[in-house]
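Below, subunit A partners subunit B and then partners subunit C, in two separate complexes.
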Partner chain A sequence: MADLVLGGLTKRFGTVAAVDGIDLKVEHGLLCCLLGPSGCGKTTTLRLVAGFIEPDGGTIAVGGKLLSDARASLPPERRAMSMIFQSYALWPHMTLFDNVAYGLVLRGLGREAIRAKVEEFLKAIRMEALAERYPGELSGGQQQRVALARALIVEPEILLLDEPLSNLDANLREEMRFELRRLHDRYRYTTLYVTHDQAEAMSTADLIVVMNHGRIEQAGPPETIYNRPASAFVARFIGGTNILKARRLDAQHVAVGDLALRCASVPATGDLVVSIRMHQIALAANRAEGTANTAAVTIRRRVFLGASNDYLVELADGSQLRVTTTPETDLAVGARAWVGLPERHCLALAE
Partner chain B sequence: MKLWRGLFGGLIGAVYVFLMLPIAIVVMASFNSTRALRFPPEGFSLRWYVAFFESEPFMESFRLSLVLGVAATVASVLIGTPAALYYVRFAGRWREAFRLYVLAPLLLPEILTAIALLFFYYQIGIGTKSVAGLFIGHVVVCIPFVFLQVTASLYNLSPSLEEAARSLGASPWMTFLRITLPLIKPGVINGALFAFIISFDNVSISLLLKGIGSTPLPMQLFDYLRWGFDPTTAAASVVSILMTLGAVVLVDRLVGLRAMRF
Partner chain C sequence: MSGIARAKWLLAAPVGAMVFGFFMVPYLNIVVMSLRQPSTTQAYGPGFTTDNFVKAATDPLYVVTLLDTLRLAAMITLITLALAYPVAFHLARTESRWRGVLYGLVLSPLLVGVVIRTFGWIILLANNGLINQAMRQLDLPRLQLMYNEFGVVLALVHIFLPFMVLPLMGAIQGIDPRLEEAARSLGADKRRVFLRVLLPLSMPGIQSGCILVFVLACGAYVTPLLLGAGRVHTTTTVVVHQLELFLWPFGAALALVLSLVGLMVVWLYARLSGRVLRGQS
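Let's look at the complex of A and B:
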């Protein structure tokens, strides 16, 4: 069982801690996404796990076996991990067949065994017809599929992916997400996947780890990250939400401007914000009877998106909210209207 | 636009004529049938080529220059390539100092390098008695050319190509042999070509460091011109030019085009 455990992992570049005491456990067979803005330490974490750089503190262990600590580090070639790169990193002087076969050649397999296995894997990525081509003759999507086959064929304990889809165009990226997930479900390697794209993380991961300034902001399944962000940073990064500055009134209420909002729970101290998802706000011409958390607004902008309407509305104190509604909601720009902010969707978060 | 293009083309043509004309004159003069080195040549004969190939001193120098050129090329590739690899991939704090150190023989006037080496050889007692000093001098001036070419190739080589091999289980040495070296091969070959040419017609280093009885071809030509002025020197020059051209064509045929395939 190859679970991956990071304990207090730290890496400094000069005086900056790129990775600052990370604790993480990825169970065997799970796909874990490290998600965060550039410079948050996610790629450094991945490279530490791969063994390309050595930690200044903390430990990396796979299946209970220690690979790295501050004193000693196993080199990458002795880690039973395969890494996939943003730039695909296929070797341009070798055919696809030779690229995929290389890991097996290194392991000293016989020619026939190698041929059979490479053909099986090229079939799995549906590229058996192109085996004798060179990487330069392939599209980006094809190259990345070959890189996947090359990485999977050596049956690694851990699969590492460094922004594998960032160089592909939007349509292909979506297709490749499903391809990645399909291959993961088939081979079930413990996988660490670095991305800055929250949609990519949502659609592929079992476990999302949101990172910021070298630390973990929140780790959990995609649903939890989306519905219950632990901090204002996570809510902002996942996006699709309104973030409003707020002041604590009591354990149930916060004030946004001069509007009092009832929230599910309110942190006891510190600066607060309230996060309300754009599609969880009700927008109507008239005030809904007997509901709390309502406010009068003016419509400032309306964008028809086909499947939905995207409104920008302004509260009495001048702060603005984005609201996504059904396409049937029809309110003119400049009109007065009412928003309803359901209590369970108003998340008061520490800034 | 058209006028400018015409003028530009004319200028480039003029530069080429300026560079190539003396060579063309030497080539033509080598076929002179008279004793004096004349241009335009009188008659046509290969007697000066025969004279060159029959001259014991010239042949000795020619062989020495060939052996020296090949040896200096091999040595400078063996030193310059790892130096470039260290500079691009691993050098830390003293990175730029290291680069200047390797390139110094190219940045300083060559004659200064020669003088410094000469002093050094006498200090440590080897003087110019053996051909080893000459060899070391040639290697020193050849290394920067290999270093520059290989450095340029390495900058175009993404480290992730090497990391991919490491993560699949290749040791650093295996990664170098199977991934890095094939991919920087064009740079190594170009560097080697430069090194050979630089060594084969080097004058300044050879001038000071050549030993008694070990005179490279350019020095032999130089000495010969002091006493005589017959077309043997022109024939020798043509043979030198053909050597250099031959090396370029051979390398291109053997490895150049294939190395560029991707």
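Let's look at the complex of A and C:
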């Protein structure tokens, strides 16, 4: 069982801590996404795990076996991990067959065994007809599928992916997400996957780790990250939300301007914000039943998006909210209306 | 002819005239000279003959010298390649702020003219040069560092290093470091990564660097003359010697034979290494 455990992992470049004491456990067979803006330390973390750079502190263990600590670090070729790169990194002077076969050649397998296994994997990515082609003759999507086969064929204990879909166009990216997930469900390798694209993380990961400034902001399944963000940063990064500055009133209430909001729970100390998802706000011409968490607004902008309407509304104190509604909601710009902010969707978070 | 096409020809004309006047004409003159009789009063006498080529291609003295020249050039090329590769790799990959300085150091052999540079080597390598003076101070035996092939090879390798480093560096800069990392992560150690990934992908640079250095080494004159000091004979020194003997036509024939054989070696090498390169585009 190859679980991956990082303990206090730290890497400094000069005086900057690119990775600042990361603790993480990825259970065997799970696909874990490291998600965050550029410069958050996610790629450095991945390269530390791969062994391409040596940590300044902390430990990396796979299946209970220590690969790296403060004193010694195994070189990448002895870590039984395979890495997949944004640039595909197929060897341009080798055919697809030779690219996929190389890992097995290194492991000293016989000719026939290699041929059989490479053909099986080329079939799994539906590219058996192109075995004798060179990478330069393939599209980006095809190259990335070959890179996947090349990485999977050696049966790594850990699979590492560094923004594998970022070089592909939007349609192909979506298709490859499902392909990645399909291959993961089939082979079940413990996987560490770096991306800055939240949709990619949501659709592929079992576990999402949101990183910022070299630290983990929050780790959890996609539903938790989306519905229960632990910080304003996470709420903002997993897009589609309104963030309003707030003041604590009591354990259940905050004040946004002069509007009192009832929230699920309120942190005891610190600067607060309230996060409310755009599509979880109710917008109507008249005030809804019950008076809790409602406010009068003025419609400032309306964009019809086909499947939905996107409104920008202004509260009495001038702060603005974005609201996504059904296409039937029809309110004119400049009109007065009411928003309803459901208590369970008003998340008071430490800023 | 359109205006643009005419302008292109006009722009190319000065270079064309230069090449024709200062390269083609003298070269053709050498070809004509090589087929003439020698003369002590002018560049060559009247009448045509093939004797010069027969002598250059059959007389063991000149054949052996030619083979020695090719052997030396090949040796210099290989040594230069072996020394230049690590330097080129480091320069191509370093992110050091000293990169510019290192680059300048690599080019520095080109900053001094060939005669002065060769005298520099003589000061170091001569029988009573700096190295042997130091050896004497330490009561160690004298080393024969020049008047032999060692000195010639050493000095020529020094001069030709930049011509090898630059094309190699260009080729290595074109190799994505991820290609090496991909191989490492699949289980290849550094030696295997070098042999299976770096070396084949550096071939375009190796090819052009080797051709450059080989051709330059075949044509080197001042360094073999001064550091060999009459004890190392290359075809170039022999050619110039013919001029002193008023055998200009024979010297011309020898020079042409060297050019032709050198070209053939380069052509063969390019074909062989081209086979390795195929499928890499």
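Going forward, the second predicted complex is superposed on the first by the 350 of 351 C-alpha atoms of A that agree within 3 Å, B and C clash if a C-alpha of one lies under 4 Å from a C-alpha of the other, contacts with A are read in each partner's own complex, and residues count from 1 in each chain.
Just so it is clear, a contact is a pair of C-beta atoms (placed from the backbone, for glycine too) under 8 Å apart; a residue touches a chain by one contact, two chains touch by 3 or more.
Just so it is clear, the model here is predicted, and its values are computed rather than measured.
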| Clash or fit, subunit B versus subunit C on superposed subunit A | clash
| Is A:Glu77 touching the first partner subunit B, the second partner subunit C, both, or neither of them? | both
| query | Which holds for A:Leu160: it touches subunit B only (first), subunit C only (second), both, or neither? | reply | both
| query | Is A:Ala89 contacted by the first partner subunit B, the second partner subunit C, both or neither? | reply | both
| task | Pick out the shared contact residues on subunit A: the ones touching subunit B in one complex and subunit C in the other. | result | 50, 52, 75-79, 81-83, 85, 87, 89-93, 102-103, 106-107, 134, 136, 147, 150-151, 154, 160
| query | Mind pulling up the subunit A residues that touch subunit B in the complex? | reply | 50, 52, 75-79, 81-83, 85-87, 89-93, 102-103, 106-107, 134-136, 147, 150-151, 154, 160
| In the complex formed with subunit A, which residues of subunit C make contact? | 176, 178-179, 181-189, 192, 196-197, 200-201, 279-281
| note | Within the complex, subunit A is touched by subunit B residues 158, 160-161, 163-172, 174, 178-179, 182-183, 261-262
| remark: The subunit A residues in contact with subunit C across the complex are 50-52, 75-83, 85, 87, 89-93, 95, 102-103, 106-107, 134, 136, 147, 150-151, 154, 160
